[in-house]
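There are two complexes below, and they share chain A, which is joined by chain B in the first and by chain C in the second.
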Partner chain A sequence: MEGLKQKLSENILDKFSMDFLRNQVLKNAYGNDDTVIARLDPRILLVWYLFFAVVPWFSDNLVFLAASFLLVAVTTILARVAGLVLFLFGIGVFAQTGYLFLVSLFFGGNAQTILPLLVLTLKVATVSLASITVFSGLDPDRLSNGLMWYGCPERLSFSISYAYRMLPMLMEEFQNVLLSYRLRGCAPDASTFMGKIRNLIYQVKVIIHSFYPLMLNTAKRSRTTVEALELKGYRYAAVNKEVKRMKLASLRVTNDDLLFLAVSVFWIALAVLVNTLL
Partner chain B sequence: MIEIRNLTFTYPGAEKATLRDVNLEVEKGDFLAIVGNNGCGKSTLCKVINGLIPHFIMGEMTGSVRVDGVDTLETDIGGLAQKAGYVYQDFENQIVRPTVLDDASYACMNYAMKDYLERGKEALEQCGLSGREQDYVWQLSGGQTHLLALAGAVSLRPEVLILDEPIAQLDPAHADRIYQVLRELNEKHGKTIIVIEHHTEYIAEYCRNVLLLKDGHVEWKLPAGEALARVEELRSCNIYPPQITMAAYELQRRGSLPSAERLPSTVKEGQAAFENLSFRPGPSWGHTRMKGERMAAFEDVSVSYRAVKGEPRKIFEHLNLEIRKGEKIAIVGSNGAGKSTLMKLMTGLLKAQRGRVLLKEKEIRDTKPEALSRTVSLVYQNPEDMFIKDSVEADIAFAMKERQVPDWEERTRRLLERFRLTELKDRDGRLLSGGQMRRASLAVGIALNPEILLLDEPTANLDIATRREIMRTLNDMKHITETVLIATHDMQLVCEWAERIVVLCGGRVIADGSRNQIFGNEIVRRQAGIRPPEIFTMGQLLTPDAFCYTVEEFADCFGEKERNGRAAV
Partner chain C sequence: MTGKKTATQSQKLMVFVLTMSLYGLATLFTELIPKFQVGIVEFSVEYFLFIPLTLAMLFDPMSAALGAATGELVFSEIMLGQFGGLGELEKFITVTIGVYIAGRMVKNPKNAKMVGIAAMTGVILQLLMGTVVDILKVQFAVTDFEAVPGLPESVFATEGFAFLNDVLFSGILFCLLPTLFLVPKLYGKIEPLLGMWPRTEETALGGVNGKVIAGSLIGFAVAVGAEMMAESGLSLIDWEASWAESGTALAAGMAAAAALAVITLLVIRKRGSVEA
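Entry: the complex of A and B
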């Protein structure tokens, strides 16, 4: 039993190492470019998202909300979102409304009080899952192209894809700086309860301190990047309409996209129909 | 192709001109190496050619620069980028897009070229990256990343390609690859290539002409062979001619070679020049294996990394290794053979999935890295990551202060002095020069007086003069820390410093022994992709009995015995 407990705690600690976080973030950003969702046209997906991000707020209909929730849950599975993101989603939804649910039960609430809470939870969950599907299932580059098509400034879309380009490098560097602190610093002893708290405070402090060297290193790098962007004609492209047209020429609506839309529309229509019949 | 007349350039705020009165002509199809001391204006000269100066970097410029018949002052950067491509020394920062093809064609797209994808693909093919189009840039190795940066420049189809220290960060196999690609671009596609290069071996092998820059002034431009034979002049500028040339020079000085002959610069030329010399074995290095206390051991260790996609990547499988007190070990092997992983295992940063890692006979699985840091200290490959404070002094003191080491102030002062950092102590570590940064990171590494010191690529990214300096520092340090492990590609460092060499390949130790055992074993050399120093290859070609690792040893073995005053054994 003791051994099992130790093994379990070791496992959890191991899971939350920097390395694991890095792996999850990368997986989320790049690891799922071959899923059904990732292959869809970003413009279609953005329209789809708009619907599921806005409409649920205005509806109190349980059937419609449940149907929407089921649909986005399926798309989230299809997008093969990384485990960490789903875990954070779970915590997020619970922190928003789930605890209210428990509290109301505790103070003698009944189905009457639970129902509105359930509605709210469903709304939040649907919107969150739709966001996760689009922003984490879609390749950042395609996402930024889609945004550009809808008239978002070039600078925004470049920033998105550049951020994703830099992410692995920054994560690795951050990890190294953090290790420097850990190896050379001296963490408080964590065997007592107070020690554990002190240790936690120490860890948080180290993470905050690590941003300073990271920023300086990044600033040093950017000297070359700025020159390289100039040579690669970044400034020309920003003012040239022709370039924008060329960039977006790669976007194409295929049958798969239409099928995806059709299935979504059909499903929601079915829900509405069932609702009126009931 | 390039015509520079009376060019003088001063950076804003600088007192002295960085380039003064430069006159230069480069013909179409040339393969030119620019050499010179640190800070002599090599990079500035290249930025003048591609128009970053004066269009992007302001400053005071007089004289004229014409590239392909066009005055750089009268064209914009876009126009010039299509005439002269540039690859930076820190090339990874030049890559701005997430996928390979995307980055290669990015410039073409920005300049609104309709066929940008074809151009990108063509450039990738010319740079030997076809098949990798859809990969993410961080999946590439260092050498491939460099080729991608090159492809990004090639895609615009410029006539001139300029590369700033292309192979400084690469292992020999990747370095060869880069130069082969450059040679092909030069010979098959008629590009004019200009490299800033410290590795004179590569200049001898690949370049046609050499330009020596000294204090912002062109000293001369000569054919490569002739240029490299000017040993004294090059040495005065901190440039080390190829080992073959140095050896011939030394032998001429000792009178073993007729001094009228031109000095050879490649192994092939050397073979002809040294043909008639007779070999006499030098005092052989007695190799005694340390029998001291066991400091660290790996028992049947297996490690794999999580991959972003697909199966975890196996780094070690059933690795076994023992490290004894007082050993000076070099860990060699190609990129990705697990050198850094081995070191991380010893510091406790990484846990083995299977097997045991022992430090001083204690298993370290349940020990925190913090607790081990007095026994083991690791100096990263990238010294910037070692600096967490805003001054060198604070960085060195940090670990001692945190642990309340008695008289840490005094120890910090002594360390600053020992590594010649006293004058730099208030500067930020990141803003130091490459060599100073390395010295500072070494000082940080030994601040806690560890029993085992681990150095990951201590001579990477340094020019040769600085590398020598770091090698001297490492040799000095032999007395301070007893047990030292260095992971490195730098075979000169291995030959001159290590007493035991461990070769990693495919997750195992494939060879372990003295330098004669490792470098003398062709199978191991080929399997692990190790290339001995050129002088060793030269000696072996002349006679299989010759094990010469330095120019000195070579001259001793092949020179006349009475002249160097050493008794023959």
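Entry: the complex of A and C
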């Protein structure tokens, strides 16, 4: 039993190594640009997202909510989202509503409390799955182009593209700094309970200390980035209509996009129809 | 180099990029690291807010504040697909206000007392605004909020407790202490890397004045307004829903039209692929 427990915790710790996190994030960002969802036009997908991000909040109709949930669940499967993201989604939904349910039981709630909370859970789940579909299913560049088409500030599109490109490097650098601190330091003995607490404090301290070199390095890097951008005239290009038009010329609404929209509308209309018949 | 003590546009962009990447990376980790709970007390590494706080105290506060909010939005929300729509606007605004005010409060980064007060003020402001909006959000999402036994109390209790817990745990451990450690250490070292002069009494933008407070209040009003919009939108959609429910024929028509569109598009697609 003891051995099994140890093995299990080792397994979980293995899973949560820095490399695993990095791989999952990268896979999420770049690993699935060949899915049905990734090939859709970002503008269409953003409109679609807007519907499923807003409307479920205002509806208390179980049939409609269940239908929306099913639809976004299917699109999430189609987008082939990384496992870690789905895991986080599960935790997030529980943290938002499951926890609330437990506490309301504590305050004298009963089975009656379940129904409103089920509605709330469905809403939260639908909205988050829709966002997972759109924001992890789409290629970052296409996403930022789509946002730009809708007139989002250039700064945001730039941030998205920059973040996806820099993240692997930043993560690696953070890991290197962290490891070098660990190599040079001496972690406290973690066999006793007090030792475990001391170890935790030590680990947190190392993380905070490692931000010192990281901040200096990133400062240098961001100066280089901005100077390179300035050389290319970024700040003028960002507000220039001609540049924007050229950048967005690659976006094209195809038949598949319309089909995707039509199927979604059909499904939701069907749900409304079923609801009126019931 | 003479004279120029305030940041230029490109230096502001540097500060923006710097804060965005660092805080984004940190929030990405906090999003990935599972929280652990001991009883009802939640130990989460919720806040790496010390990063933007430190940078806002050393550099231009507005760029740092916007960078932090954007970084969080892009790295931990959009990249992980956790984008929550309207709710993110609220987080964006509260983080910006908290960091900006903390940055404005510090005139001389060498003054440890002021740095500490500013760091705590920033965290408490951010958390307090978040708590208020959170309570409102649940009240709007569950329509018969008052009717559910035990729900109102539990919402107030969990939110209030989370607030205190965050202030005591994340606020002191992850904001106050690291900021006190990092600000004096980085002061005078990190500014030359961006080609700037360190902040002194003379070059500081000046403390928090009426204009900053008014701006923050407007920002917070926008954050709450997003939630209020939800309430007024509620009746709008309700009206639409009742209108849709009364007309079975209408819903049937809609479904039929959509089905027709699907079939037409499928046919067109098939033809297209045959030709291609």
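What we mean here is this: the second predicted complex is superposed on the first by the 259 of 278 C-alpha atoms of A that agree within 3 Å, B and C clash if a C-alpha of one lies under 4 Å from a C-alpha of the other, contacts with A are read in each partner's own complex, and residues count from 1 in each chain.
Criterion: a contact is a pair of C-beta atoms (placed from the backbone, for glycine too) under 8 Å apart; a residue touches a chain by one contact, two chains touch by 3 or more.
Keep in mind that this is a model prediction, so the values were computed, not measured.
Asker: Regarding the shared-chain residue A:199, is it in contact with chain B (first), chain C (second), both, or neither?
Answerer: Neither partner.
Asker: Classify the contacts of A:240 with the two partner chains as first (chain B alone), second (chain C alone), both, or neither.
Answerer: First partner only.
Asker: As a test of reading the superposition: which chain, chain B or chain C, is in touch with more residues of chain A?
Answerer: Chain A has more residues touched by C than by the other partner.
Asker: Does chain B (first) or chain C (second) touch A:216, or do both, or does neither?
Answerer: A:216 sits against chain B and chain C alike.
Asker: Thinking of the overlay built on chain A, is A:54 touched by chain B (first), by chain C (second), by both, or by neither?
Answerer: second
Asker: Going by the contact rule set out at the top, does A:231 touch chain B (first), chain C (second), both, or neither?
Answerer: first
Asker: After superposition on the shared chain, which partner residues are touched by A:162: those of chain B (first), chain C (second), both, or neither?
Answerer: both
Asker: Touching A:184 in the superposition: chain B (first), chain C (second), both, neither?
Answerer: In the superposition, A:184 contacts chain B only.
Asker: Hey, what residues of chain A end up touching chain B and chain C alike?
Answerer: Touching chain B in the first complex and chain C in the second, residues 140, 162, 164, 212, 216, 220-222, 225, 227, 229-230 of chain A appear in both lists.
Asker: What residues on chain A touch chain C, complex-wise?
Answerer: Against chain C, the touching part of chain A is residues 16, 21, 25, 28-29, 53-55, 57-61, 81, 84-85, 88-89, 91-92, 95, 99-100, 103-110, 112-113, 116-117, 119-120, 123, 127-128, 131-137, 140, 143, 155-156, 159-160, 162-164, 166-167, 170-171, 174, 204, 208, 211-212, 214-216, 218-223, 225-227, 229-230, 235, 255-256, 258-259, 262-263, 265-266, 269-270, 272-273, 275-277.
Asker: Show which residues of chain C lie in contact with chain A when the two form their complex.
Answerer: 9-10, 13-18, 20-22, 24-26, 28-29, 31-35, 45, 50-51, 54-55, 70-71, 74-75, 77-86, 138, 140-144, 148-151, 153-155, 157-158, 173, 177-178, 181-182, 185-186, 189-190, 193-195, 230, 233-234, 236-238, 241, 244-245, 247-248, 251-252, 254-255, 257-259, 261-262, 265-266, 268-269, 272
Asker: State the interface residues of chain A toward chain B in the complex, per the touch definition above.
Answerer: So the residues of chain A touching chain B come out as 14, 19-20, 23, 26-27, 30-31, 140-141, 161-162, 164-165, 168-169, 173, 176-177, 179-187, 209-210, 212-213, 216-217, 220-222, 224-225, 227-234, 236-237, 240, 242-243, 246-247.
Asker: Touching chain A in the complex: which residues of chain B?
Answerer: Within the complex, chain B touches chain A at residues 50, 52, 56, 77-78, 81, 86, 88, 90, 92-99, 102, 106-107, 109-112, 114, 116, 136-138, 152, 306, 308-309, 347, 349, 351, 368-370, 373, 377-378, 380, 382, 384-388, 390, 398-399, 402-403, 428, 430, 444, 447-448.
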